[in-house]
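Sending over a structure as structure tokens; questions will come in a sec.
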Amino acid sequence: MTTFVLINVTLLVILTATALTISRMRALYEATMLTALFSLVTACLFVLLDAVDVAFTEAAVGVGISTVLLLGGLSLTRSRETVTPRRRRLPGAAVAALTGGTLIYAAQDLPGFGAADTPVQSHPITDVYLRQSQEDIGIPNTVTSVLASYRGLDTLGELVVVVTAGVAVLLLLGPLTRPEDAGWRKALDLVDYRVLRVVSGLLMPFILLFALYVLFHGDFGPGGGFQAGVIFATGFVLYGLVFGLDKAQRVLPKAVLWSLIPLGLVLFIGLGVVSMLLGGSFLDYDTLSPGDPAAGQHLGILLVEAAIGITVAAVMTSVFFSFAGRRATR
Amino acid sequence: MIRSHYVFWLVFALMMIGLYVVISHGNLLKKLIGLSMFQVGVFLFFISLGKVDGGSAPIISEGVETYSHPLPQVLILTAIVVGVATLAVGLALAVRVFEAYGTVEEEELLERDQDEATT
Amino acid sequence: MMFAVMAALLVTMLLALVRAFVGPGRYNRILAINTFGTKTVLFVAVAGFLFGRPEFLDIGILYALVNFVAVVAVLRLTHDDPVSSQNGEDGT
Amino acid sequence: MTVLDVVSGVLLSVGAVFVLSGGVGLLRFPDFYTRIHAAGITDSAGAGLILLGLLVQTPSWETGVRLMIIMLFMVLTGPTATYVLAFAARRDGLPIWHEGDGRR
């Protein structure tokens, strides 16, 4: 167990040091690079804390998508921060110290880290998720069964939030606000890098294949709709970065992309309605296969994961396109 | 106390660094970076509540007896994707603010608004 | 044995971290982050063996991939920024 | 202690030494271009040897396949990333270090 504690402390200290350095940096491009490093460390911590699915998502989202989005946002605005004046530092530090002190004081009542007799672990729902799910649903990855089946409605809500955010970005930066210039500023610098082009072209099919594998293997190992969607988007981000936005949009036209955003959501809700029509409650997959509830659950979870994957991939890709397609105003 | 609560303290430190950046720094993009650091602190806090000593990832397989709790992981998994979606919205807003004002510094923005109000 | 490898990885992570902090300049940082990324791939692989469940190596595949995407993105999207493309003095 | 254990132990320890030396080099070398050498050592030799060492120990073929995919990906992406970095730095006019220059 000491091995675990040692690794855990090292990673947490690395994380905190990175956060401190980021907070002191005024060059925002550099700060964003360190944010990518920050996400890598976080993902390692998630692996260490047994949250493999979360690590999967964090790696794809934090290192891939959010770094790209931050850099895209920076390239459209100013990349240097002004000096924070002293009079602004004090209130922030005071609030942070006060809140932190309160949190640490309150944390005294928390059960110890990793204890087995905490309310979290001894609550009956734990047994439902870990043991009974094997009979109800029969999927080894309990995270997937909780995500898509037990708490399906919650996941639907999250998906609605993702769609809303995607639509908001499209409204703010999309072609409705200003005619786009297609060239993404000048011709692409990276086009001269032949090795990069060849290797990226070589990797593309593997990335898409990997995304599909993650989508359909989510029942048995880490993976699922959210992760697969983000990996798909990462693939297209790489393609757009290396081969240019035009080419990426030729592969994936905007009309297709925008119709895919609501498609996943409609699929999800439609599945709920179908299960109601078949006599169950909303998102009760047991009804999908009368006589064999487990098979129905399998089918339902697969469809839901696919729906999530479609929507997340479409939202992330179109968000990237709208950042990349915008002309910088300098 | 140290042995059982050190994770929480470090995670709180992380959250507070994020909070400090959000409050003190005037640059909108830096604020977003601070916000995402705070967010990661919250994620780690949740996940560490679900961890059991000697436990393993909640993917059932033969020969493994103790598993960490899957529920926090589900919540955080969706929260990460929602987090990046909201980050995108924030960035889009910052870009539009820059296009309208020519700056993303809070103080300069306020000055501009003042000027426009007086003239 | 696994523990020794893990310790070496963590120490290397720390060294790369220092390089990422002090820079100088953008390229040193990207290089440090790239190195750090490969270390995390190895970390995931070794941690799986160390704690007895090596079947989750899919995460390692993803890290290897995403690390590459991050490097390409940083290169591509910072290339036409005049402020700090030179090495040397940059404000921290 | 079987032969496989010994083989894996040797591979792992040599890999760890490579990784560590690469890390030290990344910190100690005088300029960006020399540091790429250090990064290259950790990326290819260190990572490759450690993954090979793990491969020898794999309990099941599924894990082995994944390890090999990771190795393939790293072989593809690692050198490409460092090459592109060096290329971009050269084009950006990052000066090359000569004997007697200060560290940068």
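Annotations for the structure displayed:
In order of appearance the chains are A, B, C and D, and numbering begins at 1 in each one.
Note that in this section a contact is a pair of C-beta atoms (placed from the backbone, for glycine too) under 8 Å apart; a residue touches a chain by one contact, two chains touch by 3 or more.
All values derive from a computational prediction rather than experimental measurement.
Among the pairs B-C and A-B, the greater number of C-beta contacts is found at A-B.
Chain B and chain C have Cα centroids separated by 21 Å.
Separating the centre of chain C from that of chain D, both taken as means of CA atoms, is a distance of 11 Å. Look at where the CA atoms of chain A average out and do the same for chain D: the two points lie 28 Å apart. Counting only residues that touch two or more partner chains, chain C has 13-14, 30, 32, 51, 55-56, 58, 61, 65, 67-68, 72, 75, 79.
Residue positions of chain A touching 2 or more other chains: 32, 52, 72, 74, 190, 196, 203, 221-222.
Residue positions 56-57, 59, 61 of chain B are each in touch with at least two other chains. Chains that are in contact with each other form these pairs: A-B, A-C, A-D, B-C, C-D. Interface residues of chain C facing chain D in the complex, by the touch rule stated above, are 1-2, 4-5, 8-9, 11-16, 18-19, 24-25, 27-28, 30-32, 34-35, 38-39, 41-42, 45-46, 49, 54-55, 57-58, 60-61, 64-65, 67-68, 71-72, 75, 79, 85-88.
Residues 56-57, 59, 61, 64 of chain B touch chain C in their complex. Residue ranges of chain C in contact with chain A, taken from their complex: 3, 6, 10, 13-14, 17, 20-21, 23, 26, 29-30, 32-33, 36-37, 40, 43-44, 47, 50-51, 55-56, 58-59, 61-63, 65-70, 72-81, 83-84, 90-92.
Of all residues in chain A, only 190, 193, 195-196, 199, 202-203, 206 touch chain D in the complex they form.
Residue ranges of chain A in contact with chain C, taken from their complex: 3-4, 7, 10-11, 14, 17-18, 21, 24-27, 29-30, 32-34, 36-37, 40-41, 43-44, 47-48, 52, 55-56, 59-60, 63-64, 67-68, 71-72, 74-75, 79-80, 185-186, 188-190, 196, 200, 203, 207, 210, 214, 217, 221-223, 231, 234, 237-238, 241-242.
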